[in-house]
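The data blocks that follow each hold one structure.
The same subunit A turns up in both complexes below, where it pairs with subunit B and then with subunit C.
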Partner chain A sequence: MTGTATQGAPVAPEPTEASTPVGRRAATALGRVARHAGVPVVLALAIGALVLAVTGNDPLEVYGRLLSEAFGTPSRINATLAATTPILFTAVAAAFAYRAGAFTVGVEGSFVLGGLTASVIGSQMADVPPVLSVLLPLLGATIAGGLVAVIPGILRAWWGVDEVVTTLMFNFIVTGLAGWSVQSFFLAKGQANSSTEYVTENAELPALAPPGQTSIGLVIGLVILIAYAVWMRYSTLGFEFRAVGSAPRFSAAQGLRVKTVLATALIGAGVIGGIGGGSHALGLVHRYSEGFSANFGFTGIAIALLARFNPIGILVGAILFGALNSAGATVQLFIDLPVQIIDVLQGTVMIFAVAVFTLPKLRRLRAARAEWKRP
Partner chain B sequence: MIDLLLASAITLSVPLVLAALGGAIHRRSGTVNIGLEAHMILGALIGAVVSGATGNWAAGALAGLVAGALSGLLMNLVITRLKGNEIIVGLGYNIVMFGVIGYVLRAVFGVSGTLQVDGLQRMPKLVIPGVADVPILGALISGKDPLFWLCVVLVPVLAWLLRSTTWGVRLRATGASEPASASLGLRTLAIRDGAGIVAGALAALGGVALSLGTVGLFNENMTAGRGYVALAAFYFGRSKPLPTALACLLFGFFDALQIRLQTVGGFNADIISTLPYIAVVVVLAFTGIRQHYRGARALS
Partner chain C sequence: MSTARAERLPSSDPAAVRCRIGARGISRSFGPVRANVDVTLTVRPGTVHAVVGENGAGKSTLMRMLYGLDQPDAGSVIVDDEEILLSSPRAAIERRIGLVQQELAIIPELSLLENLVLGQEPGAFGRIDWKAAQKRAEELSRSVGVAIDWSASAARTSIAIQQQVEILRLVYRGADVLILDEPTAVLAPVQADELLGLLSSLRDAGRTVIFISHKLDEVLSIADHITVLRSGRTITELEPGEIDRAGLAAFIVGDSEMPNRPTTRGNPGTVVLHADAISAVDDRGVTRLDGVAFEARAGEILGIAAVAGNGQEELAEVLIGIRASSSGELSLDGQGIGRMSVRARRRAGLAYVSADRKQEGLALGLSLADNSIASPALKELARAGWLRPSAVAARVDAVLGRAAVRFGSASDPASSLSGGNQQRVVLGRETIGKPRVLIASQPTRGVDVKGIGYIHELLRRARDEGAAVVLFSEELDELRELSDRILVLHRGRVAGVLDGESSRAEIGELMLGHTSHASHDRPVEGEDA
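Coming up: the complex of A and B.
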């Protein structure tokens, strides 16, 4: 009753076929992702349209404008990719843990602490040689992100303490600690809102296509995404991840390293989230300030669930959500539209990503009931 | 000084107690309600708007209650009927609710963030003659709003309902084992929906306590994570009404202390705000480890 009952991941991953060629496997996986993700996305658009229509906006016009703001010109595509970068990391992080059945909601905390650590170290990099000046802050972010998840990870792996609540609580603990340490130690002088100093120029992740904002961080994210895909599929621990995720008790009986898997899953998700926060700090915002993460950790969860942990699906989902974020930020320049409509869309997708739609089955159930009632 | 601190601790814990009791009931039926924050902010908005429109705080509170009940039902239907994972649905529901309210504030009311409702009637402060001047006791029970007294009544009533009524026993049975309860013919989904309605309604009343209590206006950030503190409280109080309410009092006291120290200076508010969450991790770790070793012994 106190929450020690442990839960699995909120949706089941797709089965992995053994020996189909990579190309066709990717195609079928993509098809499946489209099928799973289609219903939530369409429902979210419908609910968004309802909200828009009730408040006197033309939904089609708004959606059209969002689309052109997201992908209309090369510079808008660049902005969309910049918005894709942070949630790509958090989505991979969530998927990584969920494959092992470890249900973390703490990526948000890792992202925040990683960002703070990278900003603080990055602001001290004035006299450090070039490449090192980027690697040191990122390393700090990696460690910080992992540290956030250590206590929930150990509690879950060794004593079966429900990781959902502990990781959720750690988000708030980290936010509080981050706010306190910025206020007490790292406050930049002469700033209206509480934030750290900007990172030095040599610690910034270079932009891929200046003046656009997309940075090398996107490449790091893609590398981690590919590493996730390869590792899940071809490494021993990756196999154990999938086994523990789908049948924990059976895996334990088979002698798989359940504790190692669960601890690695939770701490690994923290590490990836931490790198994400670090890349976001060094690549885009160049400092840590209050509201550093715009729910990126939770958006990542939604993407991972929509994609059913499939790597290609994660990439598509991250771009979709990134498009919403970047278009939402600029669309209000053209039409008088509160940016909160984007939250409505994203949250609805998140809710329906885990919903099971069983309307066809309902009909079968009625038929079966009618069968029983017949004498 | 201590009187002021106690009085503000009580005032600050009223919204927490209401939301946490709702969450506790929902938890006993087997669902962790992450959406308390959303129900609270909805209750705060509806309460403020209706109180302004009617000029009557009771009408505002009632409207907030009804809105919260509907909101609780809506969220719970996704969990029970569409088999959505309660944590994800709750997190998503919070995002949607804050999105909708932020959108409506700007698109319909034309304000960004704070809504000053004309003609809003705040809840009365019930000063008890005679007691008001007694030190400590006066600060504890005099000059409180009606929702404080509702809390005082709710704690024993809910404890009794859970322990001794058919509804309570069925609710707890559903929470303990849904398949077993279903096999005995209980309508477990309906029972869980009922608990979800109660959770939404009580959490929304907590929101009403915020908007019609001390300040008398609505702000889209006025819940400030209280739904999550309430979550922490019912975990801390193991979903039993009295311990949950006491946990809320403790957290309310932290909150009052933090505001107090802020004016005095010297200690950081952010650190104190993390205390409820740290407390929950410690309690979960402690009970989890204890249960783990008990279970291990029982098996061997």
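Coming up: the complex of A and C.
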């Protein structure tokens, strides 16, 4: 109960003297993110340790091995960053929409269609001059990713149709359409499984440190992350995003562009997701095949929530999940460990991320209901 | 099954106990803010005790501690002459202390009876004895002299009735001390009188009432004792017989800080806003405005008076464009604006102070700077879609300076300000652009005496700068003090337009629908839905 009481207390200004306001703001924001994000991660690791111990493993040994497999050598770091790249895009995409209070789950669909479009265009780039041979497929991915979100965006902004439902449904539609169109139109010759032709070599995003798999896609992702941060704080529409996300009735009464904000939020998330899918196709897998996205869109949601939409938090979260993915894939070479334990860890972090996210609301609710309690 | 508990008579013998509930030397700080400093309060059993003070004087902090929602840093809570630790509301409820907060805990989907007994239903083995519940409810309302239709749905009853039910629920659960935080802030004058009557009968039945109020007249009329808090300290304890309204106000604001209130009138010019035959329905589809017509002139304040629920909220919303009108014409300087969006109306020169400061007036989670610039005029502060930091900073200074907002840093969240200061931010923002029409809905609701003076000053200033101010208020004295003309709404129609200097009685007659040749209608309580 004392916790709820102090929550209502006025916020004291931070007594740092030497630092600039911007520096101070960044520092307090970072501290907040670390506090919020740290709790779910530590809780998840604790539960993971419990599961490991119950299944007869030594948690410390497994965690140590995971750490060294994620960051132990330059080549392992490279693998981790390669796994970070797609979820960096999807996390920024989700955060972009959530800032405006639009809870899209459709980034997955945009990522898939962006990947397919980039693969199909990329496979036709043999006679196209360099640079353009990369830009054209990426442009296609951008448009495709945005298109997936156009209908949910319009339905939400102008008719108030719940975006969770529409974007979820569009994921199914897009995944189905993608599979069908690959089978019907884009199937690579001589391939048993359903995948497209490989993209031409000049359409590939170059690796940052060959033979490592991390590509220029990571740089594109970082640029988008920075653009997201700057745009939210300093642009007019970014301001309106924050206002609509934090106080929708206020924004309507102030005559802010609520509909534009909601439509832009959903379509913009699709665009970023589409670029992510395109980068993933051109930078890592070089074609589109069944199972192109390992639920990257949903991992992005967890990261965005874990980071409270803070740009640095998003980067750290994406690396954390990237590390779990890359290390989880190889750690079984050394330890007899069910691969599902990695899924358990990821899932637990996600659950706690969402749980901690809603905790303040629950506390307030509990305080309000305190007097309902039977004496 | 626990009705026995509820029926138990007050156990404390009024003669034996001197202080039923109170505080001894309580201090409580939140960071650098000292909300309570050595506060002492003695509430005698069977009395009504008023606690008055400015916003931020520490009244709510004290009440939270008396109800166990918060604990003092030093000093202690007194219950029945005994220093005790109220560690939680549960502990307070065990000592038969109940709190009615400003936001009512009424569940709209349930009936009033269900709301009353919720959590402590009579009956046994999971079966609720509704007959017994109904009987108990009727006894309860009869014993305190209020008429309540217990079978009515909570959603369809007025806030005044909901509040009475909430109070009776505490009594039903055996509360003997009732703490009320600004219970009349949201009530119309008639409803407030009814509530004060209810509190008196609870006192006469031996119960103890503590209530916070900014309305000094009602404090003086009902309280047995008055404690004045200022800047977190107990200033004095008085009895109503010892002091008049002005004297009490002086205690509240301290020394000679009473704002000087010029009673200047406006200088009405040309017609700016013209409304013709406006009709509108509320969210449930019930007609709330029925052919309202009026005009507002530049340089005047047009007051709108009505008993709560007679269409004034809907009219304010229709004017700014948050609510669509079902028919009628609205024009600004002769140009039709009835089909325009809020954004277009604001661009055309409308400004709006919402009655719902927390949800519509401000974005409490955003900074003061963000709150100062949020409007369609944002464009003026930007170049090619990017905000110019220098222009933003200048606008923020202008808004906060215009309204003399007391704040720490412009990057602090709006929620860190007191209610009165928050409202100044709103008024500063809404008047900075020299609007043609300022729609101000309940601008002084929940604001203390001194804060009200500043807000009135800002409204007059907007008027003198040439705005047509449409002022919606439930405070008749406020309307009479500020308005050049007062339009009275009754059941969604214009009951009459009076001179700003009309008496309370004249306005009150029209508010109740008593026009010269009309039949004697009863005031709307919201049950006509």
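As a working rule, the second predicted complex is superposed on the first by the 335 of 375 C-alpha atoms of A that agree within 3 Å, B and C clash if a C-alpha of one lies under 4 Å from a C-alpha of the other, contacts with A are read in each partner's own complex, and residues count from 1 in each chain.
Here is the rule we use: a residue touches a chain if its C-beta (ideal position, glycine included) is under 8 Å from a C-beta of that chain, and two chains touch if they have at least 3 such contacts.
Quick caveat, the model's predicted, so the values are computed rather than measured.
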Original post:
Where does A:V165 make contact in the superposed view: on subunit B (first), on subunit C (second), on both, or on neither?
Top reply: first
Subject >> Dominant contact partner of subunit A by residue count, subunit C or subunit B >> reply: B
Original post:
Is A:V331 contacted by the first partner subunit B, the second partner subunit C, both or neither?
Top reply: neither
Original post:
Where does A:F250 make contact in the superposed view: on subunit B (first), on subunit C (second), on both, or on neither?
Top reply: second
Original post:
A:Q183 contacts which: subunit B (first), subunit C (second), both, neither?
Top reply: first
Original post:
Taking the superposition as given, does A:V112 touch the first partner, subunit B, the second, subunit C, both, or neither?
Top reply: neither
Original post:
Touching A:D343 in the superposition: subunit B (first), subunit C (second), both, neither?
Top reply: first
**OP:** Across the two complexes, find the residues of subunit A that touch subunit B and also touch subunit C.
**Re:** 1-2, 4, 10-11
Subject >> Residues on subunit A engaged by subunit C in the complex (per definition of touch) >> reply: 1-2, 4-6, 9-13, 21, 25, 234-237, 239-240, 242-243, 246-247, 249-257, 367-375
Original post:
Across the complex, what residues on subunit B touch subunit A?
Top reply: 28, 32, 34, 78, 82-85, 87-89, 91-108, 175-176, 225, 228, 231-232, 235, 238-239, 268, 270-271, 273-274, 277-278, 280-281, 283-285, 287-289, 291-292
Original post:
Considering the complex alone, what residue numbers of subunit A touch subunit B?
Top reply: 1-4, 7, 10-11, 51, 55-57, 103, 105, 151-152, 155, 158-162, 164-166, 168-170, 172-173, 175-177, 179-180, 183-184, 295, 298, 301-302, 305, 337-338, 340-358
Original post:
Which residues, counting only subunit C, touch subunit A once they are in their complex?
Top reply: 2, 5, 30-33, 64, 68-71, 87-90, 93-94, 98-99, 103, 105, 118-120, 173-174, 320, 322, 341-347, 352, 354, 356, 359-366, 370, 373-376, 378-379, 382, 385-387, 389, 408-409, 411-413, 416
